[in-house]
C-alpha cells in the first residue's frame, strides 16, 4: 500500500510540486461561471487545458468523471474526485457540504485522490469532521491521497461572537491588514492544522496576504502539503502570478486553480507561466 | 454493464428521443387530479394511453408498478420507478421528498430506469443531494438509467433572501420576463447542471419561456439529456404543442408529461401530435 | 411467494371480505379504554370474542402477541402485528408513530400480516412514508400482507394553513357537511390513495359521512382494499351498523373495529350482526 | 430458548417473587447519593448486602459489572444490566435516556436480564419506545428477561398541556389525592401497560398511594410482572415497609430498591424485613 | 485478552503510575498554542520530550500518529489515540466533540489505548455517552485501555439553571472556595464517576483545589484510575508541581499534561521533576 501511495503521490506531485485544475464550479456556483466565454462550459476544452497546460491533477464531481471517463483516461491527467459538494442556491450562515460519493466510488471512477471541503467554524463542523476523518482513513487504506479544502467559515467566525482565542488573534490581525477574517493568518493556519490533525495529505487554503504569514500556514500543516486555492479571477495575470510566487516562496507545494485559468482569454498562456513558477522550468 | 445500459437507453430514448408519460400525481397531488373525467383514475386506461400513444416510458410509484406488473409487462411500455415522493398534505416552504424505494426494489418491480426529485435551494437540499448521488451510483452499477426531476425550490429562492449570485441574475431575468423565479433560465439551467454534476443520465426541468433560454439549459446539462416537464394542463392543445416544439428546437431530448395528456378529452390525439413533434414522423 | 400471499389473503379476507378486531388501544389510549367494564382489559376475553365472533384478523402489538402466542395459535384467528405505535401521553400537533418491530419480528411472532399508521400531513410524514414503504417491500418479499392505517393529521391540516389544493377542496366539503376536516372525502380519499401508491394491500380509513363519498375513497385506493376504521363507541348499535352498511354498499372490503365491539355490553351480538352485514350470511 | 428463559426467570423471581437491589445511582444522581455514610460508595459493601440480604437481582451499569465480574459471579447474585442511563447534570423538561450497551454486551458481562427506562410523555418517547422494543426482541431471542423502568415524565405531563384523555383523568385523581401527577393511578397504570404492549417481562413503577389503585396498575400490566420502585429513602423503615406491604397485597411481584436499603444505617435489617414481606418467610 | 490488557496497562502505568503527554492542542486550540516558542509546533521535538522525559503515554490525533508512525514506534513511547475532537472555531454553550476514528483505526495506527472526551451536562451528553460507552466495549474486547476525558460542561452547568441536586451542592462549594463551577469537587467527582459507570479504565479530570476534595474524586471513580489534567501553563513550575503533589497525595494515578511541559522553556527539566513526584525516584 505504501508503495502504491508513493507512486500516486508522485503523479499528483511530480518533483514534489502540484498544479491542480479545479472544475467543480458548475456545481458550487452554477453555469454562471461559464458565461465569460462559451468554451468555459465545454468539458473537452477544459480537459484540453489540463493536458496541454501540464496540470498534475483535475478536480471533478462524479458526473463529468463518469461521462468523460475514456477521454480523461486518454489525457493522462490524474483525476481527483471531489467527494462533497453543494449548490449556492441554498445558502446558510453556517455552511454544510454533504458527502456524495465514497472512496470506493472514486476508485471505480478512476480517481487516484479524493477531495473534501471542511468548513470549520460552521455549526455543522462536527458532521464534516466526521465525514472527512473517515474519508482519510478509507483513502489511506486504499493507498489513495486525501486532500482537504480547509475553509473556516460560518456565523461564529463572521459574527465575531466566538469566545475562541484564535478568533481574537484573527481580529487583531484583521485590524492591521484589513483582510477578510477567513483570510487572516490565524484562521487559515488553523484550518490547515485541522487538515494535518485528521490526516490529510494535502490541504487547499486561501491566501493570507503575504509570504511571511503564509509560511506560518505551511508550518502549521507540516508535513501535510499546502496548495493555494485560486479563487475568483483576478484583474490581471500578474496579480495572480505574484500571489502564486508568494506562496511558493513561503514553502507551498503548489496551487489548485480553476477560474484563474479557464476564465482567462488565453488559458494555456497562464498555465505555462504557472508551470514555470511552480516547477521552475 | 455498458451494453446493458445502451440497450436500456435505446428503449427509453428510441432514435435518441424520449416521450415519457408521468403518472405519479395520485401521490403528489392526490386523487383531485382525476376529477376532470372518471377515466383519469383508472390505471388500465392510463396504460392504454401509454401503449397506444407510443410513449417510451411510464413513471410510477411502487404500488401501481407492483399491482399491475403483468399488465405493464404485456404492454411493452418501459417502466420508470420514481424513487422518492411526498403528498401535498404537508407543505413547507423548504420542500423535501424522501427516498421510498431502492434501486434494487426498482429492478424487482421490473423498472429499467429510476427517477428522483431534487429540490435544490431547499434547506433539505443536502439530504436530497446525498440520496440522489447514491441512487445514480447504484443505478449505473446495475446498468440502469437515473433520471433527475431537477426543481430548484424553497424559501431561499422564493424569498429573494439568498446571497447567491445565480439568484441575482435570475432576479434580473425575472424583471425582464415576468417569469416565476423557478422558471428563469439561470435557475433552471443550474438545476439541470446539478443533475449532470451528480451523474444523471437525463433531467426533467421546467420550461424557461423561449427556445433561446432553453438552449442554455440544454448546454448546461450536456451531455446529460434534458426533457421538458409537462406541468399543469394548458388551456389549449396548441399552447402545449408550441412549447414542446420550442424545447425540441432548443436541443431537448423530449418530454415527460402527465396531465397535459391524460386530463385531455382525447389523450391519444395529443399523444400522436407529440410523437410527430418529437420523432418527426 | 405469490401463492403464499394468495393463501394468506384468503385467511384475512375470506370470500374477499375482512372483519378485523383491533386491540392496540391499551398502547394508543392507555388502560382508560378498559374502564367501561372489567373484561375489556382481559385479553383472553378479547381473544374469545375474536374467535366466537368469527373475526378474520386480530390486531396486536408484540407484547400480547408474544405472551399469548399459544392461545392465539389455538384460536385460529389470524394475527396482524401492528408495527408502529405511540402513547397518548406525549401529544404534538404533528403526530409521529415510530416503527417498533420489523417484518421479521412479525413472522417470528406468528403474524400473517403487518399494519402501520401513516399520518400524512404531519411534518413527520416523510419518516412515516419511508418506514411504511420499506415495510410494504419487506412484507411482500415475505409473502405477507401490508395494511396501512391511513390517517391524514397534523398542524398543516387542522390549522388550514396549507397551500394544498386538496385541502382547499376539503374545506369546501366541510363548509357543506360540517364534518371534521380529516373525515372529508378529499382528505380520506387522499390518505387511501397514498396507501395504494406505496403498495399497501389494504387501507384502514375513517368514515366520510355517506356511501357516495366513501365510494370515491374506494375508487381512489383501487385495487388496494379499503376497510372502515371503527372509531369510538357510537351511542347505539344501530348507528354503527348503519355506517358499516354504508361503506359495504360503497364497495368497502370490511371493517377494522375495536371499541365498537369489545366496549359493548354484548360484544358477540354486535359481532354477529357485523358478520351478517359484511358476509351477507 | 423457552427453557432457558424459565430457568433465568426462576432465578430473578424465586417462588414467583422478586427482590432486586438497584445500584445505578452513581450514574443517575452522582456520588452525592453516597455521602450519607462512607460505605455507600464501596461496591464490595453493596454486593455484600445483595448477597446476605438474599436479593434476587442486582442492577448495575457496565462499569461496575465488568470491574467486579469475578466478585459478582462468586456472590451468586443474578446480574441485571441497565442498558440506558443519563447523568442529572443535564436536565431537560423532556427527559431522554440513551441506550449505552446492547443485549450482547449484557450477555458478555454475565447478566441474565436487562433493564431500560422509558419516559413516556417525553417528546423523546418515540426514541425510547424504539430502543426498548428492539431490546425486548433481542433479549427474548437470547432467552433473557427484559425489565422496563416505566416512568411517564415530561413537559406534556407536568405542564397539563396535553390533550390526552388519560391526563384529564389523572388530573381528577390528583385533585382528590394531592399526589404528584406522575404517581396518579392512571399515569402509572398507563406506563405499566406500555411495558406489556412492548413485551416487557417485568415493569418497575412508582407507588400510587393505595393498594386499590396499585391493583389497577397490576391488572393493566398483566401478565407482565410489576415491581415497586423504591425511590428516595423514607423517613422511617416502617413507612417504606408499609408501602411494600401495600403493593404486595395489590398483586405486585416485588420491589426494586436502592437507597431505601443501602442508605440506611442497618441495611441487612431492612433487607430481612423486606424478604419476609415479599416471600412470607 | 486479559493478559494482553494487563501487559498494556503496565506500559501506560508502569509501577501503577501514569505520566502522559498530551499533544492534541493543535486541533483543540489551533496553532496559537505553538506561538510561545518555535519548537512547540515541531512534532519531532515533542516526541523527543516524550521519550527523554520518560512519559508513559503520548496522546495524538490520527494525523500525527500516522505521519510519524515510524518515529513513534522507534521512540518506544506508548501511543494513545484520541478518538474525538473539535476545533475552537465553532463554540457553543453546550459543547459536543464527535468521534472521528474507531478503535479499529487506533489499532491500525499502533495505539495501545484510546481516549474520548465526555462533556456531561451538555445537551449533547447523550450522544457522547453513547459513543464513549461503545468505545469502552470495543476497546476492552480488543484488550485495550479506554481513557475518559471527563469534563462536565455546558449551559445547564454554567447558567445555574439546572434542577440537579449535585449542582446545588456544587454552588455551595463554590460559594466557599470561589472556584469555577466545573472545578468544584461535586462536579469533578460526578464526571469521574460517570467514567467508572461506563467502564473507563482511567479518567482525566480537572483539579479541585485541595488534596482532600480530590480524594473524594478518586474514591468516586474507584477502581477506575484518576489522572490530573494539566491545563494551561501555570505561572511557575512550582505552582504546577505543587498541584501534582496534591493529587498524588490524594491517591491519583498520575497526570496527563501538555502545555505545562512543552510550553515551558526547559521541558525536560519539569518532566524530570514530575517523574520524581509521580514515581518517587
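Letters are used for the chains, namely A, B, C, D and E, taken in the order the chains are written, and counting of residues starts over at 1 for each.
Just so we're on the same page, a residue touches a chain if its C-beta (ideal position, glycine included) is under 8 Å from a C-beta of that chain, and two chains touch if they have at least 3 such contacts.
What you see is a predicted model, and the numbers here were worked out from it, not measured in a lab.
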Shared chain contacts [chain A and chain D, defined touch]: E
Interface residue overlap between copies chain A and chain B, same or different (over half shared): different
Approximate Å spacing (C-alpha centroids) for the pair chain A, chain E: 35
Mean-CA-position distance for chain E and chain B (Å): 56
Residue list for chain D, restricted to those that touch at least two other chains: none
Residues of chain B defined as touching chain A within the complex: 120-123, 125-127, 129-130, 133-134, 136-137, 140-141, 152, 154, 156-157, 162-167, 169, 186-187, 189-190, 193-200, 216, 219-220, 222-224
Chain E-facing residues of chain D, complex: 24, 26-27, 29-32, 34, 41, 61-64, 66-67, 85-92, 96-101, 105, 108
